[in-house]
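For clarity, chains are labelled A, B, C and D in written order, and residue numbers in each chain start from 1.
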Amino acid sequence: MENYAEMYWTGLSPDEARAALVNKDKSMKDRRMTLKEAVSQFIKDGDNVGVGGFVNIRQPIAITHEMVRHGFKDLTLSWQSAGMAPDYLAGAMMLNPDHFSIKRIELAYWGHEAFGLSPMFRFLAERGMLEIEDWSNYNMSARFKAGSMGLPFIPTRGPLGGDIPSSCRTKIIDCPFTGRPIALLPASNPDVAIIHVQAADQYGNCIIRGTDATCAEIAMASAHTIVTCEQLVSHELITQTPKDVGIPFVAVDAVIEVPFGAYPGACRRHYYFNGDHISAFHAGATEMCKGGVPDTLKTYYDEYIYNTKTFEDFIAKFPVQRLIADQKAESFNCERLA
Amino acid sequence: MTASTDYTAQEIIVAAGAKVLEDNKIVFIGTGLPMVASLLAKQTHAPGLIPVFEAGAVGPPLNVGLPISVGDSKTFTGASFVGGLNTAFELTQRGFADFGFISGAEVDKYGNLNSTMIGDFPAGYQTPRVRLPGSGGASDMAASCERTILLVPHDKRKFTEKLQYVTSPGHLDGSPGARFNAGLQGKGPYRLISTKGIFDFEEESKRMRLIHYFPGETIESVQAATGFELLVAPDASEFAPPTEEEVRMIREDIDPSGAFVKRAKKKANKSINLTVPQM
Amino acid sequence: MENYAEMYWTGLSPDEARAALVNKDKSMKDRRMTLKEAVSQFIKDGDNVGVGGFVNIRQPIAITHEMVRHGFKDLTLSWQSAGMAPDYLAGAMMLNPDHFSIKRIELAYWGHEAFGLSPMFRFLAERGMLEIEDWSNYNMSARFKAGSMGLPFIPTRGPLGGDIPSSCRTKIIDCPFTGRPIALLPASNPDVAIIHVQAADQYGNCIIRGTDATCAEIAMASAHTIVTCEQLVSHELITQTPKDVGIPFVAVDAVIEVPFGAYPGACRRHYYFNGDHISAFHAGATEMCKGGVPDTLKTYYDEYIYNTKTFEDFIAKFPVQRLIADQKAESFNCERLA
Amino acid sequence: MTASTDYTAQEIIVAAGAKVLEDNKIVFIGTGLPMVASLLAKQTHAPGLIPVFEAGAVGPPLNVGLPISVGDSKTFTGASFVGGLNTAFELTQRGFADFGFISGAEVDKYGNLNSTMIGDFPAGYQTPRVRLPGSGGASDMAASCERTILLVPHDKRKFTEKLQYVTSPGHLDGSPGARFNAGLQGKGPYRLISTKGIFDFEEESKRMRLIHYFPGETIESVQAATGFELLVAPDASEFAPPTEEEVRMIREDIDPSGAFVKRAKKKANKSINLTVPQM
């Protein structure tokens, strides 16, 4: 086994993560605020930000837009598989690293499945502009899980046998019970979690539909959690079905109702993907990847982010027919009476 | 069951992938063509096939159409169990997944896959020549599913003696007990499907072995497009092309919008880049 | 760190547990059978039996009655906190160890909270008739969790600092990341899990209300799982709310509809405790603890278990008014329209 | 706020336990009198108290009556979060529980508790003289809650120099950093409530220190009933008896069936066995 002195933590160390929670106000209080208040109050330069959702499902898009408007330096971003959320942050860095910069990413996958590669990732990675730490989906999920459990590490089989252990902080030990190799993954305790959910009450109790992704783990692991929700509902409604609560209020610091908050990605029961907009957003970054000028990307950011004050303004830029079509497409996926 | 004379390279891959899957088994499905192949299997010879997706769906009937993401809403409707990534990978690590169905950008003769980077590792890790999306769940499936089915586009540079980065472990160096000794579970790569044929891994040496070449290919043409020495099964034979009905099902029933199976007028092996939509 | 050669496993070792699942029929097939069939098919002498529920909540009482009628030798029983389920098995051993015997228990707590100590536990333990391995509730829960995750061990803070580590197979290591001590608990992979749930479909998908206890973990960790349910419902109904499914069919081998299957313990939405019957059952064992004769206990077993062929006969021995009162008491706890 | 003149030992314990709890804090509640005390706190000075139970309930309003088990249906109705044992202990290990409220059969001067066995450990572990129920979740709460509140019936043999078995770690041997160095979390025992008074643990030595003696007791009578040398706070004082309203609430509103607080005509310290119903 290697010497633990070689270890470094991004975000909070396990002992710091414990202390952060002990000193936090975990009472059942009203946690509603504006997105702007939440982003400026709970995120700071240099933070490790845990990103919720999975690829383009239930990604915290509205929060990333507000982060771009605010501007941050030297962030570490942590997630398992992500698409548009880090794309929006990375695109801002491509345009003006003095306004927004990502120092490091800890991830399993950055791309878009059926919607292709991330040109933002290729641009920054192939130019050496990011520190990268590769893990797998289970690795990152288990690291957040360890963080959420108050453990310094968790064992998995996942990263054994390939090159992932040579490019990350995994330690491989001989299992003291079986003698066979097993990987120990260091916990991830981000400074702040950014999460989008289907519904929440004013205290922060969250209901998640479809994949839970790793949202509960990220929220419980982080020192602070910002939640946007499609629907802000009453505590009485939430507690009629407490088993639907995926993230309890104790782990949440800010609750903001933001309809379409994961758009142009998908959100179960609310809307399906807008792949056309994903492609349109990527066009400018793809140009830059190929050595082109930033004009197209800059036009996108100006129009859709910098010149809008809120995410409501961003959503208002879409044709109503398109928004309704994406809602209808999702209602086909999980048909239910209104 | 008339053989189709008008199918694309992706379509024969889908048909081949479907045939490898067995009824009533659990398959952990990676994104891209594995989803299409699994749906074809489920709608033909394997109605009892049980899909698992890494975002947390277990046993969905997939009756609201082809998911375009493994975390897609379509994977959850009618599922028997819905959790998150940890629950999906935990049950796989436990032994619940009979098959894992994954793809990669590069493969070696022992079925190890790369989907992380093209470039010089470790020296050039932070400045890759081409940065691929990364493991996603592929390395976890490779580590813990009982058997894995691999999809890799066939190309001499991509079927390579030495990978630039091993993302998903296969038979490692092919030595006896290599996977067990490394702490991995399961028997490792079972079949590989490329744009040129179907391969297994020879029992003793764990080396990739051609068992079926696709119509239009020969043993020699497949070897010529492979960057290492292929084994060839004694009874290696031409793979039957997909039937007209299979092609119709893929185009009309399963992937009508061409999310993963691109529409093409003719066969066009070379221009297909399988790595884009996959994880 | 100690030498792993000192380790022994009860139930299945991690590698055996993996092999058991690989070779199992996990298809979506009809798993309904009688309780008698399930107990004789899936439990054998010497097995490690994982017991579901928590104290007297949702304990698999009907299954333990059938096990008593069948007779087993040298069982190991594993659970976190239990009451009536092991009491029924232990009482059978007190009366006739040639017919029924428990060799070993791995546990956190055996008792009844408001309903007192377990005289069965005291009788067997104070006479040295059982091998005991003490853990804590989190320890046992985490051990099942490790088993359900396919891991040989899981780290916890739980057993540090006291005598529990000196009386069990925990290994304490210095965390390779922080340098601080951390406990590694060996996984528990029972041969068979016995679980009672509120509802299940014919394939074995289970819905649990109220506490999940550690039932999903025990079922997923075990080589086989027997499930009794208050309500057998259609697969279509279950899959309308798949997030309510606590145990998926893949982990289940037998499904039996047994109303009141956790009685005289409680089962959320169905019935509250019958403390009077718990006390009546204990009376005979308490007599034996004090050096008395087994007559009272024997009378209980004859009347309520050996002379009944099924659990339905056992339930039929209760006054209807009492059963309805216990149902009414529970309907007060979670008021809902029928 | 008239002081009651007709209360039992259990009732003053409940009143004392309630007073130690702070509003808007999270308390992980063990079975027995801690449940009654927490309900009394919630219905008096601490309406924002957030209960957590080890069977998986977080934040229930407890408005359908006193649970008689920590896994009771009454703990789940109206809760903000409902899981199982792992989720409850994981969030405690993470740091979400400000207080843990537990009981034991035996205690030493550093607040270590025994609820496992009376007898000779380790030699007599498999043949205890009296076998107690075991840890339940107490040792986990002791290991991971930020501060713990302990309930132990006061008796010279039970307040002992050396425990027969340490189930739930307190301040261990009292040495500086003992808990941290053992890998434990949290600050350890904060208050101990017995049938004779209330104790804290002196900052430097971590030794049990009398801060309040119950009516009818004196510093001397408490020391005389204690099997080790007690510290005594400079301002140690008599604890105010419960008010008539508190006693009425306990008897009529909170535990009307006497599930944990037994009905007694008079005070009867000696016959009360707190260990029976507790975990």
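Here, a contact is a pair of C-beta atoms (placed from the backbone, for glycine too) under 8 Å apart; a residue touches a chain by one contact, two chains touch by 3 or more.
Because the structure is predicted, anything quoted here is derived from the model rather than measured.
J.: Among the other chains, which touch chain A and chain C together?
T.: The shared contacts of chain A and chain C, listed by label, come to B, D.
J.: Could you let me know which interface, A-B or B-C, is made of more C-beta pairs in contact?
T.: Pair with the higher count of C-beta contacts: A-B.
J.: How big is the gap, in whole Å, between where the Cα atoms of chain B centre and where those of chain D centre?
T.: 58
J.: Distance-wise, how many Å sit between the C-alpha centres of chain B and chain C, to the nearest whole number?
T.: A distance of 41 Å separates the two centres.
J.: Once you find the CA centre of chain C and the CA centre of chain D, what distance in Å lies between them?
T.: 28
J.: For chain D, jot down the residues that touch at least 2 other chains.
T.: Within chain D, the residues that touch at least two other chains are 76, 82, 93, 144, 185.
J.: Of all the residues in chain A, which ones touch at least 2 other chains?
T.: 150-151, 156-157, 175, 180, 182, 243
J.: How is the touch graph of the chains shaped: line, ring, star, complete or other?
T.: If you draw each chain as a dot and join those that touch, the picture is no line, ring, star or complete graph.
J.: Got a list of which chains touch which?
T.: The complete list of chain pairs in contact reads A-B, A-C, A-D, B-C, C-D.
J.: Spell out the part of chain A that touches chain B in their complex, as residue ranges.
T.: 54-57, 80-81, 107-111, 113-118, 121-122, 125-128, 130-132, 134-139, 141-142, 145, 156-164, 166-167, 172, 175, 180-183, 210-217, 266, 268-269, 272-273, 275, 330, 332-334
J.: For a test of understanding, state which residues of chain D touch chain A in their complex under the given definition.
T.: My answer: residues 24-26, 48, 50, 58-59, 76, 78-82, 90-96, 98, 144, 146, 185-186.
J.: Could you list, by residue number, the parts of chain C that touch chain A in their complex?
T.: Within the complex, chain C touches chain A at residues 1-2, 4-5, 7, 13-15, 150-157, 169, 171, 173-180, 182, 184, 186, 209, 243-244.
J.: Give the list of chain B residues in touch with chain A in this complex.
T.: Contact set of chain B toward chain A: 31-32, 54-57, 64-65, 68-74, 76-77, 82-87, 89, 93, 112, 116, 121-122, 125-140, 142-144, 165-169, 172, 179-185, 259-260, 276-279.
J.: State the interface residues of chain A toward chain D in the complex, per the touch definition above.
T.: Checking each residue of chain A against chain D gives 17-22, 25-29, 148-151, 203, 205, 220-221, 235, 238-239, 242-243, 245, 248-251.
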